[in-house]
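Same chain, two partners: chain A is paired with chain B first, then with chain C.
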Partner chain A sequence: MKVLVADITGGNAISMQSGSGLYKLLYDAMSKSESVELDFSGVKHFASPFFNASIGLLLKDFSVDLLMEKITINNLPEFGLELVNEVIENAITYYESNDRSAKARQEIISKNTE
Partner chain B sequence: MAIAQVLDLSRERPIKGEKYLVDTNIWVWVAYAAIRSEAKSMASQYQIENYPRFIEEALADGAILYHTPLILCELMNVIESIELDIHKNESSIAHLEKKAFRKIAAKRQAVIKYIKLSIGQVKLMSICIDSNLDASFVDRSMELLSSTKLDAYDSYIAISAKDGKIDYIITDDVDYCDIPKVMVVTANPASLRK
Partner chain C sequence: MTDIHRIQVDIPSIRDNKSGYDYLIKLVDRLLKNPPGLNYEFRFDHCTVLDQNAIAVLGGLGRRLCLHTRSSSLRRRLYNVFFTQDELVWFDEASMSDTLIADLTDIGFLPFSRGEGRRISGVGYRSHLNFMEPSDIADYLNNDWLTEDLIRLAPEIREAVVSRIIEIFTNAYGHGVKEDSPLKLGITSCGQYFQKDKKLKLTVVDFGGGIIKNVKQYLHSKVPGLSDAAAMQWALKPGNSTKTDSLDENMPRGLGFKLLRQFIYTNNGNLSVYSNTCHASVDKSGFYKVTGIRPSFPGTIVTIEVNCDDAYYNHLRSNKKGKYF
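== the complex of A and B ==
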């Protein structure tokens, strides 16, 4: 499936709210194991809250390997790609750390309820 | 009682062709917090949601956004301070000077990376006002500093806005409400109560 990002955001992909619109679409596609080509033609301004709420949030439910396999990005300047990579790296660290905290909490609960 | 005109960002629509100076704290949430979850967790929900949305609306509506070299300088400083705090917290260190922090190669590299990515976004979304930091500029900043509760950075930023004929300042800083003849666009409840 090819998605023209500007159809969702217009020329400005900055806010979390705009990111949420793209996230729903990507989430549905990845749940069905569909591949998505994101075309950033026509997007003049972009910022990390948008990438965080669209691509970064996917890492809560999908692995980075699956994300890399299913999503391709075209017509985003090199700086935009750097930003996307950083958002992904940050999301991996964030969700791994949340998992560790959740597991630690679970262990404490189990130990104390045995 | 505010001297500036304080406008509620959640109710305002950006004006086409109007100039807006975007303060450092806004760029922290728009450009840096979303690539650093530890920094994001320090912000309020309205800060990470409302300000990026307004920036997006402003650009879509044809408003013109500005920054100053001093805003970039302050942003670099804020990022380094937050990174130092994160490091101290993660390593359970009570006290570490910035100079010592800069000597930790991996941390220094991370700080530079976050600065580059954040500044890159600011420059993508806004235009730089070139300020002439001469003696007269410093005198006018000192005058503003003595009549308000602004810090030195903010007084420089306010004078830069005045010199650039920019009436609107998007900020979360309540102290800007004390500057005469300025329109403060904010989502900060404390500023809106003034």
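== the complex of A and C ==
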């Protein structure tokens, strides 16, 4: 599936709201194990809230390896690519930390109920 | 006849340096401690220059003082136009030198303070009265502010610079947007472009309570007794966010300050953040350094100095693959 990102965002891929629009498309495709080509032609400006709410949020349910396997990114300028990589790194740290917290909480609950 | 409710405030020259910020923060603290219902006359008899940080803070302070008034009907009226001679806050042009009037007119501050509502083209002073959609901020920065006529950058570099500046504005709007309208937050910005040095200076001010206050509220139950410096360090750490937006709680955020730090470091610029009792700046190694300030500033002042020369952005033309994409 090819997604022209500008159809969702117009020229500015900035807000969490437009990121959510892209997230839904990506989530559906990845849930069906479909590949997605993201074409950023026509998008000029990028900010972290957009990528946090789209690609970053995907890492809650999918591994980064699967993301790299299923998603292809085209026509994204260098500074946009830098941002995507930062967002992914941040998301991995965030969800790993959440997992550790959840495990720690679970251990405490288990100990208390023994 | 002297009006006992009119407070005269004598403004000196204020530069974008430590003593300039010290003065501005003390002034804000002093005036906001006054009881409501007073009128303010800002005089400029001894002022020869105001840098962009001073203009942004004075504009935001003027709005804040107007909102400090007792009459809700007047307050509503002030939502549209204020700063005229008959109103609560008056910037006295008669006390200004011709040069200062010319400078403040060019930068758009005096047209605004006269209530003319005239928009200037290019870098200058803005008071952000309405909530701006992020996409509108980008269009505004690109089309009205960093105009191609003024700042000559390769298109892809201009887009990168605008994108990073957007992070500052989305941060400002996020500093309390859940509770307060942008009007109440008093977001103002002022930029100056120095053609000879190809340097852009931009200050964005909000009166949204401040980073430290927001972090302490957010972490209150998890980390009681957090020091101010630790709260500021927490806010600057990548991945940390007080989640002042309205979307999915369980979503990664908190990259704005890291992106700004990297951006400033790579183009050899400067970044300064004043909020509550702390000041953060990027040191020579590209890391944040936090120091204490007094008194507390009830919001956030972010100032960046950016080199607008294509030569500083060669890394954006490397076509190097990143770690993931």
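Going forward, the second predicted complex is superposed on the first by the 114 of 114 C-alpha atoms of A that agree within 3 Å, B and C clash if a C-alpha of one lies under 4 Å from a C-alpha of the other, contacts with A are read in each partner's own complex, and residues count from 1 in each chain.
The definition used in the following text is that a residue touches a chain if its C-beta (ideal position, glycine included) is under 8 Å from a C-beta of that chain, and two chains touch if they have at least 3 such contacts.
Since we're looking at a predicted model, the values are computed, not measured.
K.L.:
Using the superposition on chain A described above, determine whether A:Y94 touches chain B (first), chain C (second), both, or neither.
P.N.:
A:Y94: touches chain B and chain C.
K.L.:
For chain A, which side has the bigger count of touched residues, chain B or chain C?
P.N.:
Looking at chain B versus chain C, the one contacting more residues of chain A is C.
K.L.:
Mind working out whether A:S54 is in touch with chain B, chain C, both or neither, as first, second, both or neither?
P.N.:
A:S54 contacts neither chain B nor chain C.
K.L.:
Thinking of the overlay built on chain A, is A:S15 touched by chain B (first), by chain C (second), by both, or by neither?
P.N.:
So A:S15 meets both chain B and chain C here.
K.L.:
With the two complexes superposed on chain A, say which partner A:L67 touches: chain B (first), chain C (second), both, or neither.
P.N.:
After superposition on chain A, A:L67 lies in contact with chain C alone.
K.L.:
Identify the residues of chain A that lie in both the chain B contact region and the chain C contact region.
P.N.:
10-12, 14-18, 44-49, 52, 56, 79, 82-83, 86-87, 90-91, 93-94
K.L.:
Going by the contact rule at the top, pick out the chain A residues touching chain B in the complex.
P.N.:
Of all residues in chain A, those touching chain B are 10-18, 44-52, 56, 79, 82-83, 86-87, 90-91, 93-94.
K.L.:
In the complex formed with chain A, which residues of chain B make contact?
P.N.:
Those in contact with chain A are residues 30-37, 48-49, 52-53, 55-56, 59-60, 113, 117, 120-121, 124-125.
K.L.:
Applying the document's contact rule, which stretches of chain A touch chain C when the two form their complex?
P.N.:
9-12, 14-18, 20, 44-49, 52-53, 56-57, 59-60, 64, 67-68, 71, 73, 76-91, 93-95, 97-98
K.L.:
For the complex, which residues does chain C have touching chain A?
P.N.:
Per the touch definition, chain C meets chain A at residues 133-135, 137-139, 142, 156, 159-160, 162-163, 166-167, 170, 238-239, 245, 247-248, 250-256, 258-259, 315-320, 322-325.
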